[in-house]
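Here's a structure for you.
Letters are used for the chains, namely A, B, C and D, taken in the order the chains are written, and counting of residues starts over at 1 for each.
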Amino acid sequence: MTKTYTPAEPIWCAGCGDFGVQGAIEGAIAQLAIPKHDIIIMAGIGCSGTLQNNVGTYGYHALHGRVLPTSTGVAYANPELTVIAVGGDGDAFAIGAGHFIHTVKRNPNFVYIVMNNSVYGLTKGQDSPTMDAGAAHGIDATRLALSIPGASFIARGFSRWSRQLQELTVAAMEHVRAGRGFAFLEVLSPCVTYHDTYVTWEGMLENLDDDPTYDPTDLAAAFARGVALEAQGRMPAGVIFRSDGGAGRKIPPAMALQDIDPARHIDRYNDIMSSYAV
Amino acid sequence: MTKTYTPAEPIWCAGCGDFGVQGAIEGAIAQLAIPKHDIIIMAGIGCSGTLQNNVGTYGYHALHGRVLPTSTGVAYANPELTVIAVGGDGDAFAIGAGHFIHTVKRNPNFVYIVMNNSVYGLTKGQDSPTMDAGAAHGIDATRLALSIPGASFIARGFSRWSRQLQELTVAAMEHVRAGRGFAFLEVLSPCVTYHDTYVTWEGMLENLDDDPTYDPTDLAAAFARGVALEAQGRMPAGVIFRSDGGAGRKIPPAMALQDIDPARHIDRYNDIMSSYAV
Amino acid sequence: MNVAIKPEPSGGQAAARRHFSDINVMVAGQGGDGSLTIASLLSALFAHRGFHLYSTSNIASRIKGGHAAAYLRASVKPSGCMGDVIDLLVAFDDEAVEIAAPAMAPDGIVVFDSSKGPPPTGVLADTIRVFEIPIGRLAVRDLRRDLLKNCIGFGVVTRILGIDDKDAEGSLRHRFRRIPEAAMETNIDAFRLGLANADENGLPAGDSPWTVDEGGREEHLMISGNEAFSFGFLVAGGRFYAGYPITPATEILTWLERRLPQFGGIAMQAEDELSAINLAIGAAMTGVRAMAGSSGPGFVLMQEGVSQLGSAEIPLVVVDCQRAGPSTGMPTKVEQNDIGTMISGDYPRVVLAPADQGDCFEMSIFATNLAQRIQGPVIAALDRALSQDSTTVKPFDLSGVELDTGKRLTPDEIAGLKEYRRYLITDDGVSPWAVPGTPGGENLVTGNERNEWGLVSAEPKNRKRMVEKRARKIESVRGDLPKGKRWGDADAAIGLLGFGTVGAVMERAAERLAKAGVEVQILQPRTLWPVLDETVEFIRARRRVYVIEHNAIGQLAHLVSGGGAPKERMVSILKFDGTPFRAVDLVDFILEQEASL
Amino acid sequence: MNVAIKPEPSGGQAAARRHFSDINVMVAGQGGDGSLTIASLLSALFAHRGFHLYSTSNIASRIKGGHAAAYLRASVKPSGCMGDVIDLLVAFDDEAVEIAAPAMAPDGIVVFDSSKGPPPTGVLADTIRVFEIPIGRLAVRDLRRDLLKNCIGFGVVTRILGIDDKDAEGSLRHRFRRIPEAAMETNIDAFRLGLANADENGLPAGDSPWTVDEGGREEHLMISGNEAFSFGFLVAGGRFYAGYPITPATEILTWLERRLPQFGGIAMQAEDELSAINLAIGAAMTGVRAMAGSSGPGFVLMQEGVSQLGSAEIPLVVVDCQRAGPSTGMPTKVEQNDIGTMISGDYPRVVLAPADQGDCFEMSIFATNLAQRIQGPVIAALDRALSQDSTTVKPFDLSGVELDTGKRLTPDEIAGLKEYRRYLITDDGVSPWAVPGTPGGENLVTGNERNEWGLVSAEPKNRKRMVEKRARKIESVRGDLPKGKRWGDADAAIGLLGFGTVGAVMERAAERLAKAGVEVQILQPRTLWPVLDETVEFIRARRRVYVIEHNAIGQLAHLVSGGGAPKERMVSILKFDGTPFRAVDLVDFILEQEASL
């Protein structure tokens, strides 16, 4: 076997929520028995955007906020790969907010795990768009995703609830690998250094996965539940919404694996050329 | 009176929906009797982004997609002005999508009128993010806005329904002038040249303003109504959602009108300097 | 091709009759007047006659309506640009006459649609002949369709040019061969109505004011730079494109949206240019040949992506169809003003400048291969004119196209390695490349500084080695970078330097300068960055070099000075009013300068 | 200020005792070890003693933990940069020793926290004296608080420097004067524990290995470039700032977020840099003095906004705290690599480069006024070191600050006009400006080309006039643009050219070059764009000019060649490994070059 890079030791502060996310991803990969070379972890810029170094798969460190278009490019160009995008809430909902909307709408086949800590960890603790600042609520990204046509998998985990987090990660990966489209998993992943929210958040969470009456295919109900919980100072966890993602929709072929030798296509190229002949 | 520029003749194609929007804005300005020099119309880039030339107020032609941050800057720096931002759906929900989310969240005091024609008119008719393409639905911006905490005024008009459109424009301007925050008014404004939708859209609209049972202060219900209508191939018009926008929240002072003469502040400047003394 | 249409033996007015082997036509009116169609019918006619063609248009920034003009140059020798004057104007309104007047040849002809009255007075020189024909009225009154103005107008024009009616009709039928029979006949009726009116207005068959040559060129393609560049990308194995609508780059998106899916590829309209280039980066990372494209305001947004390509070492072609700036500027106007942006940032890249529409095809292939070789950004600098104007070019040699995959490793090659490092330090700076999905090639790609394994590192020694490694990539291909085109006297003390769309104009100017006794040599660089020695030498070897460019601050002159060329030898000729250089502008300026020195 | 602390009369080891008037200290360990605090305690001590200071830090890109180092230079003469070697190292772990070793002075001293064992062997030169003190163990065992390592360490260090215990304690008390009494006593206890351990480890009171001078400088400010620049902006009437967190520009956002609201202003953290600059543009349009700021990757995103400022003629200061690129690069490392980006694009602007931390204040005021005068973008080029490193500077002259509102019209002035045109063509290129809200001044502002009234127009003649008008704005202020700083022999045939953070290093190098017999003159330009005549003349007038810059491709050399300076006279000295130039590097390189020529 060819020797390649040795996965890095995480560089997170002790207790950082991101450890839990890495654990869930590693667990899910093992559980689904996907070979590491068939996986690429695409990361944003931020504390969270170092996870790709630690797992041993292919990894990419995007520009800040651009992990979604880049991942879409990868997923379209080579659908044989399992693409897992990861990043922070600043990356996702500040500089990357426009791409988030358009990725949900486009519904490409990859997983997106946002490590939400409500701060910009790497730049030392400024508020991110998900921060609740006094009376003003932060963005609830699961609700944002619900508002976009095309949404096919929306879930929220908590980095301390590791069993459920791994389940959600597996569910997201299965959604993607079944060609149902974009799987968005927000993980509440506290930043112990700048905004330690383990206790508050745990207290606020209502786990929908435990509620047998909850129907994650009902869009309006999913939204209403979020609004109702917010009014009580709470928020939902678990699978919030799923649809079949228009399963069976046309997935572009694996361009990465195509034969592009011009000789093979010369007749059709000639046809094109003759359409310009004068 | 000082002579200044003569408002331009609109350069839109005959029948373009944008004429209706201009009419509503002019009507609303007249109705509220706001002097033209106290108004600035901030425009995006696109066919719609030429409206500011035609009215005789102060006008600004932003970078494509950036009309919202620019308008926010104006509104914060000089709250004495009535700021009306206008632009196209490409400007608003493609290149400007991230700013849209953050503007709704920030809730600054200005009106934003999006002329939605589901195409990029000026660049000759490509699909915009609001285009329904086959089974795939376009973005419903009113629903998108509902998903963002801070939303305070969300309405939809139709450029052919001129009476209601002017009422909605007046309501948006009043919301803003009362300091309640950001008033988002989407106007269905067909592009007769590339995507003539007058008939289809008129047939799809349900006017919530005519429904006495509809409560525009109920967020979850507003969202649910949109989802339900969509399932019937329809969509809502009228005031979809309004809140008091945290009325009474602190509005930054009119910086534009401040005295910045250093002599006036020298003592406090000296205090700052002495904090660095060694 | 090359069907000869014999000119009629000349009848009366023989004295005034001019014979053209190079003619410039302008057709103009309100958008929707069919100006573009008349121009394209004439295009077909001249093509049929074996002429070389160059066509362009000028559309006002109004949305519908507003002034629209189409220009056509037909010449026996290839021209590559419009001429200095307009010989023949077909005008549908007063505005058309007013706009054209300053550029009309003194012995030119105007066909004026007099439906609404006579042409404006005092605008045209007295020497210009005007034929007033109520084209619009005829179309509506006799044929009930305003649209048919174009075929009526075409008929009139063929009489001016002395084209045999049958040959003209033949060309029209050929042009419309794919429309239904009934529609065809309506068009032919309109054409004949045009002829009939020509008869009544002093343009009888067989007695034309002008005659035109036979061209005799071989079969060519009539193609724009955007089309040729897109086609080249496809042929070079390009399979992924991302862009966002913007004038004048949109045609590349449109072309590839139509063609790439036929070859298993995809062209994506992104939500903005930031997304577009990152979509392309994602595709490129998988080994797919990819491209992103835009124009000025969008290209500037792509800069963060270009720097990522440079830093992370990902192959991508980025095409910039420049337009007049700054900022939103004048979207439909020509300029060459992004050079500074193209070379900014502290990372290696290559900037190519195709010489003309035909070269767009070659350079697109070259760029697509080169990106793979250097695993980094290759920028192609087009401009509004090169992008959108069409001209006749030699058919492309498709069988000669070869793909270069550079140091891309096959799965077998990787399996044979003891160890794999994505950013291995090598002599030529290029590291062997394993794409995702390959067992044993797992690697980390990042836009941060990193060590050979792709792990982020700011260690000074490693940093230095990495910067130097990346720089070596350019040095290792420098010798293969496209040389410029040269014309004229190799020993001339005077040089002309300009790239892209300026090339053909310089060539035309040089012919006339030579006649006026000023021998020049022209260099049209096709590689802008790195600045090649040939460019520096070209300037060093001459007494004076006129640097001719479409921007306000002399970006090319700045660039080559930075590359080591002596600035004091350069005289800038700048045009930034949105209109293209004319040969006469260059000739006049240079003759005056040379006389005064 | 200027309280003299008398050095103790020297005791034993008199032979080995060194007396310092210029000392470089490094304190390093894992993040959280309190290195930064020890450095700042020493800073306070030296400040008290009347020294000039320069301080910097180096934090690894790990998030918590990871190596962190603080550096302090204290000197009787102002230095403006770190020295070539480290005299005193306080090391909390092996890594600190390993990193510092190559830079240690041969007769340096190391204080090593030996809690976990002895220092690594074979790393330090034998001539270096090492004091092993279990600082961490003492803090935990005796004081139950790891954090107190800093005061213990401080105690030890004062003994090395021969500072009287009481004076040291006085300085400590002064430094902590705002913390609660109990906490103060804990810190003092820790300090005394440090002294006690020094006693036991060969560092008794009154018998120090070293002594230090008295400084005797006047009262100064200890301030970083980012702080000084922010402060200048405030004083110049700046009331609106927008940014997005990014190293090393974040401190400007933080500073202004704290201060602007106190003056009725606002600093906004935008959702990204595109938004940030447009927020600022919006504020600027109302007449408020505004600024946007970022670093490399964010600055590139601001380019579309900068071109809008240039095109639409809106006054704004844009500050770029450069860092090592390309792309995400090395966020915490110094580089000067955005010059190409700063000058790219076909529109007028001014690029200023403050010479040092004190000049940041002056230049910020100048930039804020200048933006109003030229109604366009003024870019300030800082760099990581200038931005974040603190140094002692003369107090600012606040009473001398004047505001220039340029051609901004008052409501009365507008009322007095017959006609108002926003983009009036004027001799100096600046058009009188009416801000929204003013009756009679209604106008249209756009980034498209437009006529005098602001109505979009692509008419060629108008276009030409408008481009030329905008260009004249720069010419009209050219004479007022900040001249560079010069040092050294005005007649020297050899020149040194460099801007920003390189200035002080050049100055230090020049002193030594002069001693070695190579006289040089230094020019540190403070205006990068337009390239001033003084810069071109400086190069033309010399046999050879060393162009010293922190980037890989010689952007400053490229810039000035483009400005007309002869490239063949320039020799680039480039550093791009993320670490700052040291005077010794320059001296060695230049002496070698000069010897070989």
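Keep this in mind: a residue touches a chain if its C-beta (ideal position, glycine included) is under 8 Å from a C-beta of that chain, and two chains touch if they have at least 3 such contacts.
All of these numbers come straight from a predicted model, not from anything done at the bench.
*Asks:* Which pair wins on C-beta contacts, B-D or A-D?
*Replies:* More C-beta contacts join the chains of B-D.
*Asks:* If we define chain centres by averaging CA atoms, which chain lands farthest from chain A? Would you check?
*Replies:* C
*Asks:* Taking each chain's centre as the mean position of its Cα atoms, how many Å separate chain A from chain B?
*Replies:* 31
*Asks:* For chain A and chain C, let me know how many angstrom lie between their CA-based centres, rounded off.
*Replies:* 42
*Asks:* Could you pull out the residues of chain A that touch at least 2 other chains?
*Replies:* Correct list: 61, 63, 94-95, 97-99, 101-102, 129.
*Asks:* Where in chain D do residues touch two or more of the other chains?
*Replies:* Chain D, residues with two or more chain partners: 61, 271-272, 297, 304, 308, 312, 327-328, 446-448, 456.
*Asks:* Could you tell me which shape the graph of touching chains takes: line, ring, star, complete or other?
*Replies:* Looks like everything touches everything, fully connected.
*Asks:* What residues on chain B touch chain C, complex-wise?
*Replies:* My answer: residues 11-14, 16, 45, 47, 61, 63-65, 90, 94-95, 97, 120-124, 126-127, 129, 193.
*Asks:* Going by the contact rule at the top, pick out the chain D residues touching chain C in the complex.
*Replies:* Touching chain C: residues 60-61, 297, 300-301, 303-304, 307-308, 310-312, 324-330, 332-333, 335, 337-338, 340-341, 343-347, 446-449, 456, 458, 460-461, 463-464, 467, 471, 551-553, 555, 557-559, 561-562, 564, 566-568, 576-579 of chain D.
*Asks:* Tell me, which parts of chain C touch chain B in their complex?
*Replies:* Residue list for chain C touching chain B: 61-66, 244-247, 250, 269, 271-273, 297, 327-328.
*Asks:* Report the residues of chain C in contact with chain A in the complex, numbered from low to high.
*Replies:* For chain C paired with chain A, touching residues are 1, 44, 47, 53, 219-223, 227, 231, 234-237, 239-240, 242, 259, 262-266, 268, 270-272, 274-276, 278-290, 304-305, 308, 312, 392, 395-396, 398-399, 401-403, 414-415, 417-422, 435-448, 453-456.
*Asks:* Mind listing the chain A positions that touch chain B in their complex?
*Replies:* Per the touch definition, chain A meets chain B at residues 93-99, 101-102, 105, 129, 135-140, 143-144, 146-150, 219-220, 223-224, 227-228, 246.
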